[in-house]
Structure formats: C-alpha cells, structure tokens
Amino acid sequence: MFFHRQELQFKASPEQPDAVYARKLQEVLGGQYGEITVAMQYMFQGWNMHVPGKYRDLVFGIGSEEFGHVEMLATMIAQLLEKSPLGVTDEAVQADPTVAAVVGGTDVQHAIVAGAGARPVDSMGNPWQGAYITASGNLLADFTSNANAEMQGRTQVARLYHMTDDHGVRELLSFLLARDTMHQNQWLAAAAELRENGVEQLPVPSSFPQDREQTDVSYQYLNFSDGQHASEGPWASGPTPDGNGEFSYHEGTTTSAPMPPPTRPDARFYGTTEA
Amino acid sequence: MFFHRQELQFKASPEQPDAVYARKLQEVLGGQYGEITVAMQYMFQGWNMHVPGKYRDLVFGIGSEEFGHVEMLATMIAQLLEKSPLGVTDEAVQADPTVAAVVGGTDVQHAIVAGAGARPVDSMGNPWQGAYITASGNLLADFTSNANAEMQGRTQVARLYHMTDDHGVRELLSFLLARDTMHQNQWLAAAAELRENGVEQLPVPSSFPQDREQTDVSYQYLNFSDGQHASEGPWASGPTPDGNGEFSYHEGTTTSAPMPPPTRPDARFYGTTEA
Amino acid sequence: MFFHRQELQFKASPEQPDAVYARKLQEVLGGQYGEITVAMQYMFQGWNMHVPGKYRDLVFGIGSEEFGHVEMLATMIAQLLEKSPLGVTDEAVQADPTVAAVVGGTDVQHAIVAGAGARPVDSMGNPWQGAYITASGNLLADFTSNANAEMQGRTQVARLYHMTDDHGVRELLSFLLARDTMHQNQWLAAAAELRENGVEQLPVPSSFPQDREQTDVSYQYLNFSDGQHASEGPWASGPTPDGNGEFSYHEGTTTSAPMPPPTRPDARFYGTTEA
Amino acid sequence: MFFHRQELQFKASPEQPDAVYARKLQEVLGGQYGEITVAMQYMFQGWNMHVPGKYRDLVFGIGSEEFGHVEMLATMIAQLLEKSPLGVTDEAVQADPTVAAVVGGTDVQHAIVAGAGARPVDSMGNPWQGAYITASGNLLADFTSNANAEMQGRTQVARLYHMTDDHGVRELLSFLLARDTMHQNQWLAAAAELRENGVEQLPVPSSFPQDREQTDVSYQYLNFSDGQHASEGPWASGPTPDGNGEFSYHEGTTTSAPMPPPTRPDARFYGTTEA
Amino acid sequence: MFFHRQELQFKASPEQPDAVYARKLQEVLGGQYGEITVAMQYMFQGWNMHVPGKYRDLVFGIGSEEFGHVEMLATMIAQLLEKSPLGVTDEAVQADPTVAAVVGGTDVQHAIVAGAGARPVDSMGNPWQGAYITASGNLLADFTSNANAEMQGRTQVARLYHMTDDHGVRELLSFLLARDTMHQNQWLAAAAELRENGVEQLPVPSSFPQDREQTDVSYQYLNFSDGQHASEGPWASGPTPDGNGEFSYHEGTTTSAPMPPPTRPDARFYGTTEA
Amino acid sequence: MFFHRQELQFKASPEQPDAVYARKLQEVLGGQYGEITVAMQYMFQGWNMHVPGKYRDLVFGIGSEEFGHVEMLATMIAQLLEKSPLGVTDEAVQADPTVAAVVGGTDVQHAIVAGAGARPVDSMGNPWQGAYITASGNLLADFTSNANAEMQGRTQVARLYHMTDDHGVRELLSFLLARDTMHQNQWLAAAAELRENGVEQLPVPSSFPQDREQTDVSYQYLNFSDGQHASEGPWASGPTPDGNGEFSYHEGTTTSAPMPPPTRPDARFYGTTEA
C-alpha cells in the first residue's frame, strides 16, 4: 500500500516561467530513464523478487521515493508552464518572432491536451511505456540495470542543469543529482555484496551450469571490425572478471558453419519457390 | 561499411520443427534485450563516441558480431517453422486438440504475415523499437548498460535452454551463452578500466562538479517503505563505492518542502478554476 | 458500406498559410481525442453492439459524420501547409530567424514525408493508434466514454481557437465546437435514457450480481492522501448515485492483509534466491 | 511524497497456480483501463489541477489507493505463476497436449523475461503507455473520463470473475469490484456537484463563449447512416441536457461546402502535379 | 463526407463460431496491410493530392470501399466470437484440454476488453497505427505502395483461406481475394499510365534534376555480400528500367572515404573524452 | 556474418554545424522509409527466402550496403550536432531569439539523451520499429515493397536536398539519391524478371487458384465516391495488367447483402442487451 503526503521532498518552484524548458524536463519525468521508469522498475523488482528481507526492503524503499520524484517534476513542469506563452496569446504578440521561437520549442500538447500541465511523456512527446523497465528476478542483472538507469539519469540531469539558469530549477536539479549519486552508489554496493556473498556471481545467471555453454569461445575477443586497437584493452588479454578464464584476442571469427539451405514450407503459404 | 559473408558463426539448425519454440526464440532476436538491441546499441555507441582508438574499436568489433547473431536466430526460426503445423492443415487434422494446442502457442504472424519466416518482434509479437537502445556518449554509463544487456540476455537464453530438448537448438543456445559470458566479462573489464584510468569515475558523469549537487543528501539511504531490513545492507552504512562519502540510514525523508499552490494558467486553457 | 461525396460538411479553408498551426491542428485530427478516434470508436461500438435499433443507428449515424470531420481537418491542414515556409526555401531566407522560428515549430514530417500534406498523427507526431478507442459492448460504459471524448475534444478545439486569428480556421473550429456541443448532449441524453429505462444501471455492469462483491467497502471513501478536505465532498457522505448505498469517509484503509511471502519458482528461471 | 507499507489492502493469494489466468489478469494491471492507468491518471490530474482543496484531495486520495491495487495484482500474478508449467518442464511432460495447451495460453514473457513475475503490460503483451491517461485540467471532462475508466474497469473485472473458479482469485476480484463500485459512484457524484455548483457546466468547457460556435448546428441530430430508428431517441427531440437548447432530427447534413481545389505546394516537394 | 448504408457489400457470416480464427482474421482488419490501412492510406492520398480529376476520384472511390471491408471483417469477427468458448465457461468445461487449447489460441482481449467483439488490432494484438500508411504526394511512389499493399493483403488472405474450412468465412475471403485482384491490377495500370503519360517517371521523383545526383554510381550494382549469383540477374547488366542507363556489376564498393574523427562536442554534455 | 570496415562508402561531413538539419536527417536514418528500414527489410527477406541463388544474393548484397548507409547518416548527424547550439549555452546567448529559434527546431533528445549524438528515431522523434518492414516470402510482393521503399526514400532525400545549402551535406545526399536511383531500377528489373520467367505472376500470389475467388468482381471498378472522372482511367476499361480479364466500370457496388443481426454472446460478458 502507498500513502501520499501533500508535501514535497524538496522545493520545486521555478523563478520564471519557461515552457521550452518544461518540455525538456519531461525527459527525466517520462523518458526511457526518467523517474517513472525507476519508480516502476524498482517496485516491479520488489513484487517479482524471490528473496525476503533486505533486498526487497531496498527496492521498495527506493521505488517509493522515486514516485515522489515524479511528483516533484510534474509540479515543477506545471509551474514552468503557468505563465508561459503557449500560443494562446493576443494577436499582436503572435507575430513576434521571439514568441514564435519560444512556442516552436514547446511540447504543444502541454497547451492543447493538458491545459498547461505535465504529461507522462518524454521530451519529444513519446508516451512513457512499460517496455522501459527491467525486472527479471535475477538480482545481479537487475541491480546492474538499476545502476545504469541512475547513471543515465544523472547524466541527463547534468545536461539539463546547463540548459537553464533559473535558480529554482537548478536547486531541484541539484537535489536530483545528489539522489542519483546516492542511488548509483547504492546499487553498485548492493551488486558487489551479491557477488561477495556468493548469492549471485558472474557470469549471470551464475547457477546455470557453465559446462553447458560452448566453453571454447567463452573468453575469446572476436573482432568483427578492422580497428587495430581493440586488442589493447583489458578485454583482450589477462584474467576475466568472473575469475573463470583468461581473455584471448582473435581477428574475426574462430568458428563458422555453412548457411543452411533456404526453407521450403507448405506451398499454401504462397511464398515464391523455384520452378 | 559492412560486408556480409554467407556463412554463419555457428550451426543453427534444429532437429525438429517447433513453431511454438520459434515464437519463444523471437524474444532473444527482437525483444528488449535481443540481438537486434545489442547490435544497434553498440554500433550507435560507436557512431556517437567522442574518443578514437580502443573503445571505439571495441564497440564496432562486437556490434558487428551481434548482427551475425541476429542472422543465426532468424535462420534458426525459419527452420523451426519450416515443417510445423501453423494452422495451414488438412481439415481432419484441424480438429486435433494437440494441433490446436500447438497452433495456439505460436506467433500467428509467423504464418499469416511472414509465410513461415522470422520477424523483427519479441515473443509476444511487439515490434522491435529504437527506444530499447542506449548510447549516451558517456562510456561508463553505456558500458554498464551493455553489461546489463548481456546479463539479461544470458538469463533469457538460459531460460530458453530448458524450454526445449532439441539438440540443434540447444547447441546454438550453448554458443550464445558462451558469447554472453564473454561479453559480460568484457564490458565489466572495460568499465573497470575506465574507472582505474580515471577516464570516467563515480558518480557518473564524473566531470560534473559535485559541489553543485545538494551534498547533504548525496549518501543518505532514505527508506520510504516500512521494511525493517533495509538498514542491514552495505548501502546503509560504511564507505561508498565512489570513495567520496559514507552511507547513512534514515527512515523516510530528511528534507521536505510544502507543495506549491495549484497553478492558475491563462483562462483560455479552459481548465476548471475556483469561482 | 460507406459512400463518399466530394463535398465538405462545412467550409474548411484558411485565409493564410500557417504551418505551425497546421501542426497543432493535427491534435484534433489524429490525437487521442481527435476525429479519427471518435469515428473509429463509434463504428466499432456499432459493429460490436448486441442490440438492434436506435442505439446502433445512433453510433453508426454519428460515426460516419466523424469520418467527414477527419476529412475537413485533413483538407484544412493541407491548405495551411500549401504556401508556408517548410524549410524548402531560398538560401537567403533560411538565415532569417523568423523563418527559422516558424520552421522550428512545424511538424517536419509534413514537409519531408507528406510533401506538404496531412498525416494520421497527433500534434507531437505520434501516430494515431487503435489503443485510443473504446468499444466494450456495455452501452452505459461506452456512452460515458463517448461523452468524455466529446468533452476532451471540445476543450482542445476551444484552446486551438485562441491560438489563431485566421478567420477561415476559426470558422471551421466554430463548426466543430457546435458539433461537439451536440455530441456531448447526445451521449449524456443516451446514457441517461439507458439508466431511466433500466437497460443498464449503476454500478456498471449492472447485471453482475452485486452480492458477489465485497460489499462492506462498496461505498467507503478511503483517503490515502493527507488532504483535509476530501471529506467535504458529496462522495464522502450522503446517498450514492446508484441509489444502493450511503457514502462513508475513512482515513486510510479499512482492510488490510499481510503481504504474502516472496514466490520461489522453478530454479531453472534463474532468479536469485536465498542461499 | 509516497510512503509504502509492506501490507496489502486485501488478501491476494490464489488457491492454485494458473499461468493462463495470470496472463488474463495482466489486463486489469497494465491494460488501457488497468490499475496503472487510473493510478497515474488521478495523480496527474492532481498535479495539473488549478483548484486547491477538496477536488485535489480527492484525486490524490484515490490515486494513491490505486497504486496499492497495482501492487495487489502484481503480487497475485507472481503467485499464479509460481508453480505453473511455463514451458520449463521435463521432456516427458512437454509432449502432453494439456500442458502444451496451457503454455500456449500464457504470456511467454512471464517466463522468459520476468522469470515467473508480473509485467507492466496488458493481456496481449502490449506495454502500458502514458497515452492511456487523461488529465486536461478541466474537471468535468476529467471526472467523466474517470467515471468511464471505472466502468470499463469493473466490466473487465466482472468478465474475469467468470474465467476462474479459484476462490482466492475471486476474493480479490470481489474486492476490486466493490472498489470500482465506489469509484464509479464517487466520480459521478463529483461531476454532478461541479454542475450543481456551477463550477463547470455543459457543454464542456462551459466558460468558452457559446456564441462563438456555429449555433445553428449545436443541437441538430444529423444522421449519416440509413438507420430508421435514430430519430426515436431522446437525442433527436426534446430539451438538451445542458438546458440550452432543443434537439432536432435531420437526415444527412444540413450544411455543405464545396471541397476546395487540390493544393499546389512548392515544386521542390516533388509531389505529382498536372502537366 | 461519408454516408453509411446498413448493408454489407457481401455476405459476412460464418457457419460456426471460431474464436481462434477470429483472432487470425484480425490481421487483415487491423494489421500492417489490413483493411484499415488501405482505407486510410487511399483517403489520405486523396486529401494530400495535388491534381484534381481522375486520380483523386480513383483514390476516393476505392478508399471508401475499403472502409466497407473493415466493416465486413468486424462483423464477421463478432459472429465468429458470438458462441465461442472464450474462457467464460462452466467449471467442468474449463478443465477440458480441447477448450484450453482453443482459449489459448484466442485474442484474450476479444473477451476481456471487447466482450466478444472486434478490435482495431492485428492478429498478435498490436493496435493499428497511423505509421502503417503512405501518402507522399508523389503518385508513382504512392501507387507503387498501393500495389504492394494489395499484394501483401491478397497473400495474407490466401493464407487465411487455408486456415479454415468454414464455408461462410471462405466465401467472404473469396470476395476479398477478388477485390484484391482488382486493386492490384488497378494500381499497376494507374502507375503504368503515369509513366506513359510522362506525368511521373523513373527514377521517382522524376522532376528532381538527375545531374545533381552522384551519377557515376547511379546504375552500379554493388555486392556487399559474397553471393556468387548476384551478377546473373537483370539488375547487374543491360539497360535500366528508367531508360537512362546501363547496369554494371561490382564486388563491394566502388567508392570510399575515411571515417571522420570522433566528434568532440561541448564538455557540458558529459560524454567521455580523452584525457 | 557481417564484417565492419572503419571506412565510409562516401564522404559524410558537413561544412557547418546545423542541429535543426540533423533532426530532419533523422527521417532518412530512422523513419518509416529510412535506411534502417531498408537494411532490415532486405536482410529479413533473405533470411525468410525460399529460393537459393541470385535472388537471395541480391537481397543480401544490397541489405548489407544499406547498413553502411545507416552509418554514413549517423556519422553525418553527429558532426552536424558537434558544434551546434543545443541549449547548453552561456546565459547571455540563451536569450537570443535566433538561438531560441534554432533550439526550438532541434530534436532535444539529441542533446539530453545522446549528448550530441545520432538516435534510432525519425525526424519527429518516434523510435524506429520493426513494424516498418516487409518480408512475406512472396518475392513479387516483396520486390514491389522494396521498389516503393526506394521511391519514398528518394523523394524524401530530394526534399531534404532543398532544405540545406551545406555543400558537404548535399554531397552525401547526391550519393544517396544516386543509390536510390539504382535500387529503384534494380527492384523493378527484378520484379519484371519474376513475371517474365513465370516465377511469380499477377495477381500475387499467382499460385492461389483464381477460380476460388469471387471472379465476377475480380475486374470491376466500383466507385464508392461521386467523382465523375474515375471512369476515364485505364483501370476502368480495357485489358488488365495480369492479362486475365477486362476492366469494367460501375457506380457503387454490384453486390450487397443484408447486415447480419447483432450478436448475442454469453450474458457473462456483461454487454448491454435488449430487455
């Protein structure tokens, strides 16, 4: 169960209206790596989890915070839109190229659909979708996904920080940046602990018997491009992070097989076949 | 430029037709973490990369291999469909519940749309989409995304391994499992090297001046759920993975702000307002 | 069957080209609540309806009109685009910030994809989709959906009315506003009649035996937020609109159950489990 | 802010595993009218609202409850999947047509992607999307949308009730049915109050000056189909629900205009034109 | 304007209910090449057309017929669903593997969402979308698109013909096959006439001055695969269909350029760069 | 298998940065008819093909080239973005309407998500999707689809040619135009050969026994619009392109059937029925 408190975790009010910026801010609300994504991702990981205790408490504890971040961003966006020119203007002003430039940079559905309100979409207007989230039940895989989400998210917020000089907006972003710092650290700490405790190890999923894989290619770097420097990385020689092997470097493939002949399905599929 | 060789990296022929399994295999061809995703993700990372040399060679070298994996899976799927009952059958057979059960479990577009061919979709028939990929230009973020993709992918292949006992299919899966093992190790090795060399560090993006974030909450674990065990993890106390702080644990939020009053935009948006 | 007459229901020509406005107008052509939605929604309701006679005549009668509204909007959009700068301009003009501002506000696919033509998309370029429509077979539910669609649609047209001062465009909008007025009234009248005649009543679906629901919570207002005014509305006390109960007000939940323990599925799903 | 309590609002455990039913239940979790939709819809209405007080408390109060319903359904689905045959079976069992029939009816991503967990998708596997929700800022329109959502939702739950005889599942459904009864009544009560208090009236949006619409067609029923019974309804004669007019009935259109000539845009769009 | 007549162009009633087949039939109603696609495609081509007269009459004349085909298919699907087991059954029947097999093969939203009605989706449940249609304003391109749509459509109907032995269904399909035959012929005849009359020629768009293209590669077959037979086709030697050149065959590319160095955008995008 | 060479097929560097143009160029990279579409379409046609030899060599040979075109466009886009104002600017510059106009016309995800990099989306930001491609197994249908794709693609490139005067961009476009010229010719030559050799003929699929279609309407032009000129085309009289018939012209339909009565499914679907 969720209980809502009509208070925000942090101030979320701009100094000035700015509809163009409101549109950009949609990215971290409703984009691939926006707050809806992390909120939903962590909660679904909790609902799908197979272990009780601290890991489940962890995803529930953070997932719920993230819903509050959705709220802060939606609240900020509504205020950025409140007094902005959104195309509903006096005739005289409409011809002003500055206004035209501003309106051209907005999410026009902010005005037409939401009446100067926030929307569950990204900065190009694509609706948020369930296909953004990851909840596989394998915790090492999922915590790595979470770490990535927080890294992508913090990178986007950092970019957005330089796209405004509004003090109120920047304050909110500085809060989100800090929480993303925390969450990056947290997921990496949790992932490391899984490996240290042997709960889950590399390669993921570690309980799959590795002798069932084609082990001769398990640690081969196969270079399918003609770059000359790929062999210089730590992925091309030396011990592997999973501790089970030694990297080796190869140009192209070390295995190959003839392409099977074309299929000849039932004639009633009306595919074209040879005479 | 890409050059195609009409040869596969590994055998990709089933012993038996199996249209239901062909549908399942679509997941690792055209799903969120299927081979199209990793192929496109790595190539876009290369095209968007800001450093020449080994990192770009790395993503190009592996991205191109992954297009070959798309080909192996598509080839396998077409063969699994080749002689399967796909609903195009003699009248007598149609009434057979076993056949009905099989046909019920297939991707019916395999038959109706592709004429017993593979499709760029996942196992539930959702088309592959560009929104699955990640290429931010920040290499630590992106390599973490890549590690996650290979972990999710290997987990899915491991599950699919137990959904068939066809020796030919399992051989292909054993090859894909091995390559996923390699690629997990490789991306983690590459990510570790970025950190070790100081090219990119935690928190990502590390070149953003951390003093601009709200540092008092940068390392606080805030528990927005009532789980009693969240405080027991390495994310709640001790040094942080980025080496910049010390975790602390808190019930609920350590900050709060009043919710700003509702917005009152231009009346010509026709939102409902107070009398 | 549908027969097309090469005549419009109303004038649909602008005084001036305006590509930015053409893009905005796409919302009521191809958006969630655009004319394609209502046209398709009403026709599918007719095809799925289980009663002959006046209700089916009603949805068919209006659905067909709505296809004509799609046509009026598409025609208008093509004319708004006809002489607009769409980025295909002389070099000198390209550098003009006013022109840049205009082009920046357009749907660039209007130019690149449709060659100055209308498209089946909304004002942010999202393609129209079948997931927008509702046709459940339950007429009280569906007519309520229709009333909502006409309310949202008229609100959007009213907003668009203030985003232009082109007399030709405003004339078309004034026509659409009037038809939306009619259709709001009509669906509410039809919904009211269903209830009065006892064809369908509240709660929808009324033929489901209400004693099979958990009746103790059927009329409880449960407040999961901390707003102090929720109890002041007609939803918190007094008789319920369905005539079957009395509202009561409660802070939080009146029921609860322990969360079941985490699931432990087959190990071959490779989810992480306890040691 | 949202606070999560690790308790459910109601029991959500099945008597028996049933993966086919788990897939069906996804509809009311992640479908067009599932619980994610209403949770997100009500919260966005709150964040976009222009009036403080009881209406905002209302949407926040119920929106938060709905997130708890998402949780109950996800929890139920995970348990329905826990011991089900999901295709990961011994070879002998695989050939059993009954098992094949069951597996054919499942969401195969439940197994392959989520490892026997719930997903943010509908019963056909389409990801939940932000385009499902409505939050226009006009309360009469939005509360009508809410009433429709609860009607569609309760209809779907009623259908699902007859697709299982599992006592545990039916108990949860009986609870959801009751809450949908409450919410239908509540939104209709709230919509009625808006009209009674004159906060918002028909036609929506009521503050748009009706004399700017083409009033001669504001109350005309225009029949674009050849059904003979459309004239018999309360939408074809008598006073209109908004109290502003009188319905009249007409075959076909009462207005028309010639279709404007085809457009002739800039030749550099390379559309085909006359010689 | 469109006028609807409550009559079908052809009989559209099955002999027997068949929910599995109803789901398959959705492909040609709401799929990529279903009837909604051609109806919408032809109408949008008309609205976007730049020439009056016979070509516009042609697309309007056929587009309107196609909406009637949508209706026939929706009507057929509703009847196929009418008496089918859709999961709403008595308990005893539920356990029957034959029934389970049937239900497993259905579109479960037919039952849960539409109450045994048709939906605007394809056979895998993906909603129809505006991105399926083509209306560029260039008639030779668009009529070629139309010819393709009718070829794909007729191929799908032919496949569906063999997936049922219901006489009523087959009769409807035999009608659709005939109309697809007509429409293939018609679009090819229209495309040929455009070329003969010089209204539009190859290469499309023919009014683009061909001397602005890199003419040395305009008629070179460049083989980027290692297939040995590509040189044997009429695309590798001899005169070109546009009458402007002569095909030549080449292994790999005849041109190349060094890959430009990686970009180095503003540091405030926080992409990883060299030390 | 695919091998990547770090060289481009043609120069792909602009003279000047131009973020607005970069966004437009996304259309031919990731749009419905962009290079990802043709690359994937041709490869899937190869993997699904039922004939060995020259046709398969053809699709593989060209499909692989198209992946190289994706690369050229992605590389060009990254360079167009490299030094552009993307909203990350000094405060002073931000207020400049010219800059605002430019930023307003960009794909803001280029900056926020990709850090000045290319994305797998179209010019309005819609992600590329697998639903764009066609690979039916019927070669005459598929080659017609390919010819259309190259016609639409060349038309879009021609339009884009006039939206810039950057010499570097125009050079790349002139190369793409030339290759589209080749590919149009090639697919038409291949389609013609299929018909000449009798491998596949009209109507597609030609192996379906035409006596099973409703032959009386196979060559009738039925005009469902009131255009007077439709009868004047070569589709209304004279021999048909397939050589099997003679066109005839008819106003409206030559066949009709009564609409079947509404369906009455099981009451437990809770659709509204008559009293």
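A, B, C, D, E and F label the chains in the order they appear, each numbered from 1.
The criterion applied here is as follows: contacts are C-beta pairs under 8 Å (C-beta built on N, C-alpha and C of every residue); 3 or more make two chains touch, one makes a residue touch a chain.
These numbers were taken from a predicted model, which means no experiment stands behind them.
When the interfaces D-E and D-F are ranked by how many C-beta pairs touch across them, D-E comes first.
With centres computed as the average of Cα coordinates, no chain lies farther from chain B than C.
Rotation angle, chain A onto chain D, C-alpha superposition: 180 degrees, expressed as a multiple of 5. Separation between the centroids of chain C and chain E, computed from CA atoms only, is 27 Å.
In this assembly, the C-alpha centroid of chain A lies 11 Å from the C-alpha centroid of chain B. Touching of two or more other chains is recorded for residues 1-9, 32, 48, 55-57, 60-61, 63-65, 68, 75, 78, 88, 97-98, 100-101, 103-105, 111, 113, 115-117, 121, 124-127, 129, 131, 136-138, 140, 155-156, 158-159, 162, 205, 208, 224-225, 227, 253, 256, 263-265, 268-271 of chain E. If you check the complex, the residues on chain F that touch chain B are 1-9, 30, 36, 40, 43-44, 47-48, 57, 60-61, 63-64, 67-68, 70-71, 74-75, 78, 113-121, 127-131, 133, 135-138. By the touch criterion given at the top, residues 6-13, 32, 53-58, 60-65, 68, 75, 78-79, 81-83, 86, 88, 111, 115-117, 126, 129, 131-132, 134, 136, 138, 140-141, 144-145, 147-148, 151-152, 154-156, 158, 161, 171, 174-175, 177-182, 184-190, 192-193, 202-205, 208, 210, 212-225, 227-230, 232-235, 240-242, 245, 247, 253, 255-260, 263-266, 268-271 of chain D touch chain C in their complex.
The part of chain C that touches chain B in the complex is made up of residues 155, 158-159, 162, 268-270. Listing the residues of chain C that touch chain A in their complex gives 20, 23-24, 27, 31-32, 97-98, 100-106, 122-126, 155-156, 159-160, 162-163, 165, 224-227, 252-253, 256, 261-265, 267, 269-275. Chain A contributes residues 1-6, 48-52, 55-56, 87-88, 91, 94, 97-98, 100-101, 103-105, 107-109, 111-113, 115, 121, 124-127, 136-140, 194, 197-200, 205, 207-208 to its touches with chain C in the complex.
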